[in-house]
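This report concerns only the one structure given below.
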């Protein structure tokens, strides 16, 4: 069982904002992250697939195919976008890293299953900045 | 003559957009960087001061004082902000890194002169991403 | 269940030295790390909290609050200090990274519990250099 | 129980190539990674040992001894080498990262056991590039 | 005058080898870098263009166009290649970083002039490893 | 003319302290950097040599020879040392980065001249932390 990882990046705007709250409460809870006119980040996403290396290729998963799927299904929908306004799969959800990583998992897990018979998605690690990041293992 | 540098960071939203152009022309020239609803970056700013080290302190410039001025005059006005909408010193200007670094120079150069009798601002290096960055030496 | 991490840093001096041993034995076992007059590092500390994201904020833990507690309880007591001489919670202990990370856990675990009802400290990762680091999960 | 890590590096050439296949099939499956005349990488290897810190030294494992063994048993056999042609322990095997990390484990696990009575090899993380990497925990 | 930089990467094999010398002399002068069966690196190339920002775009050079040219003219000819065997513009030349960076300059300088009326190639910085790198400013 | 660089590192303790001043004045001017019992850093030193590549080797300077001299003349005298107490060439001098980089230049410049007929020391860049660093070009 080997764990294979691929790192991709996207640049996006967002704000932390609960629409059920007043602006004042949003500023109080989220501070500068609630700035009305948005702010943004260079996000880095590390996708880790675990599985048994294939005897003929030595691969758990073809990294070119994995990279292609992450770009098509995730990066193209997030890069140079506003996470609160432009992303269908985040509609009606908080644009925090915790929520984002869970929603990315829902999309990527079946896609990865489809390209690697012997592997499966193991974890997603999402860096908002080099000092703030989240990781998700699909646990309820 | 020694060159002393301090790196600070800020997270901001922006878009590349020339208001004299149609939306179509903006998309054509700037591509995804013109996304209507903004995108964003983790910016890194390296400020370099050159001068003769002071005989008593061994300092060209007190890095605590330099860091304080960069934060007060630049980072506090850019961090968690929208470069096109929230920053007074960028009003009416393109929010490209090239223009931003020139405007930061105009603010920082006299401030740095004021805190270091034997030094002066030498260069500003601004990273938009680890792969895209600009540098300015105050040259016309 | 999402794992949220915050990285903080501190610069400190230390030496590896067992007071029960002669200087010769210390030099023999610890080599240059036992240098009488100390040496030092830029330490990086990654604190990871695991928990269920809160429905209203999207947060497992407020990273501003987490950062504040790490700074107040750990960084302010270690930064620009001598780990062998200046740190009350290391008194009578080896100033190795292994011991340091266990002692930091004892302090941070209850503090983090207090600021996040739905989360708890999951791991501490301490870099002494980019090539030498330790991780602790609170296991006995 | 503390996890102690040491990062080492080596520069090597390789290609992905299954000798049971035609050149055409190799190019089709492995793409540019099958380039006849090889390509190469700066590999980074992180070795993690878990164990109880020793009461007298504060060490799970002496990092100087660990580094020495990794260099002698692994780095000296891979650095400035061709993974397909020059490495005895890869003979007849695919030179993919997945296979390489498993073969390194077989060599390092008993060596590490021999230098640390209270510790054992926990994981190996091998970076082929900063964006592609694998991890192995000795799982069948 | 602003200096704008773009970082690209490629993975290649090479060896240091002077065909006018015996194998023994090559090993003596170049050490492990002369390994008969090659070794390799993850190379990083930083291309810096200097010029006056355009009034309408705020650009010295369109980074998408710059990146496209570097990829088409340089990266596609070096990535996943053997610098000694596969690269036409290095034929009959030493595959050292010093020579490589000069040959890249000859190709890129006119290409960059063609895409930016107000700018020109200022420098090329080529990392062989994070610890070994060269820079070239077109000086004879 | 090509500029060739080599990065080396050392871990050292120091404090900023002017012995002509009272402890109070030292704390006032240098803040936590004056901590009586020292603090420390992972220093990184980048040595840049400029020159014409040799026709037979393709080298401005043999990086193995350059690395050997930096280690023998500088790193071995600074690594795991106290810059204020253990380093003969800093005796009676402020242990600031500005002063340290000038003193390193005095030692390295003639040593580098001796190993490369066609090159000479061009600059020294010394990182105290990833955010604080100095550069020196031998200018009076």
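The letters A, B, C, D, E and F name the chains in turn, as written, and every chain counts its residues from 1.
Please note the rule applied: a contact is a pair of C-beta atoms (placed from the backbone, for glycine too) under 8 Å apart; a residue touches a chain by one contact, two chains touch by 3 or more.
Here the structure is a predicted model, which is why all the values come from computation and not from measurement.
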{"item": "Rotation angle superposing chain B onto its copy chain C by C-alpha atoms, nearest 5 degrees", "value": "180"}
{"item": "Fraction-based call for chain F against chain C, same above half, different below", "value": "same"}
{"item": "Repeat of the B-E interface, chosen from D-E, C-F or B-F (over half of contact pairs identical by residue number)", "value": "B-F"}
{"item": "Centre-to-centre distance between chain F and chain E (centres being mean Cα positions), rounded to whole Å", "value": "28"}
{"item": "Approximate Å spacing (C-alpha centroids) for the pair chain C, chain E", "value": "42"}
{"item": "For chain A paired with chain E, centre-to-centre distance based on mean C-alpha positions, whole Å", "value": "33"}
{"item": "Contacts with 2+ other chains: residues of chain E", "value": "130"}
{"item": "Chains touching one another, given as label pairs in label order", "value": "A-B, A-C, A-D, B-E, B-F, C-D, C-F, D-E, E-F"}
{"item": "Chain B-touching residues of chain F, taken from the complex the two chains share", "value": "16, 18, 20-21, 29-31, 93-99, 101-102, 130-137, 139-140"}
{"item": "List of chain C residues in touch with chain A within their complex", "value": "1-8, 48, 53, 56-60, 63-64"}
{"item": "Complex contact set, residues of chain D against chain E", "value": "9, 11-14, 32-33, 35, 37-42, 79-82, 85-86, 129-130"}
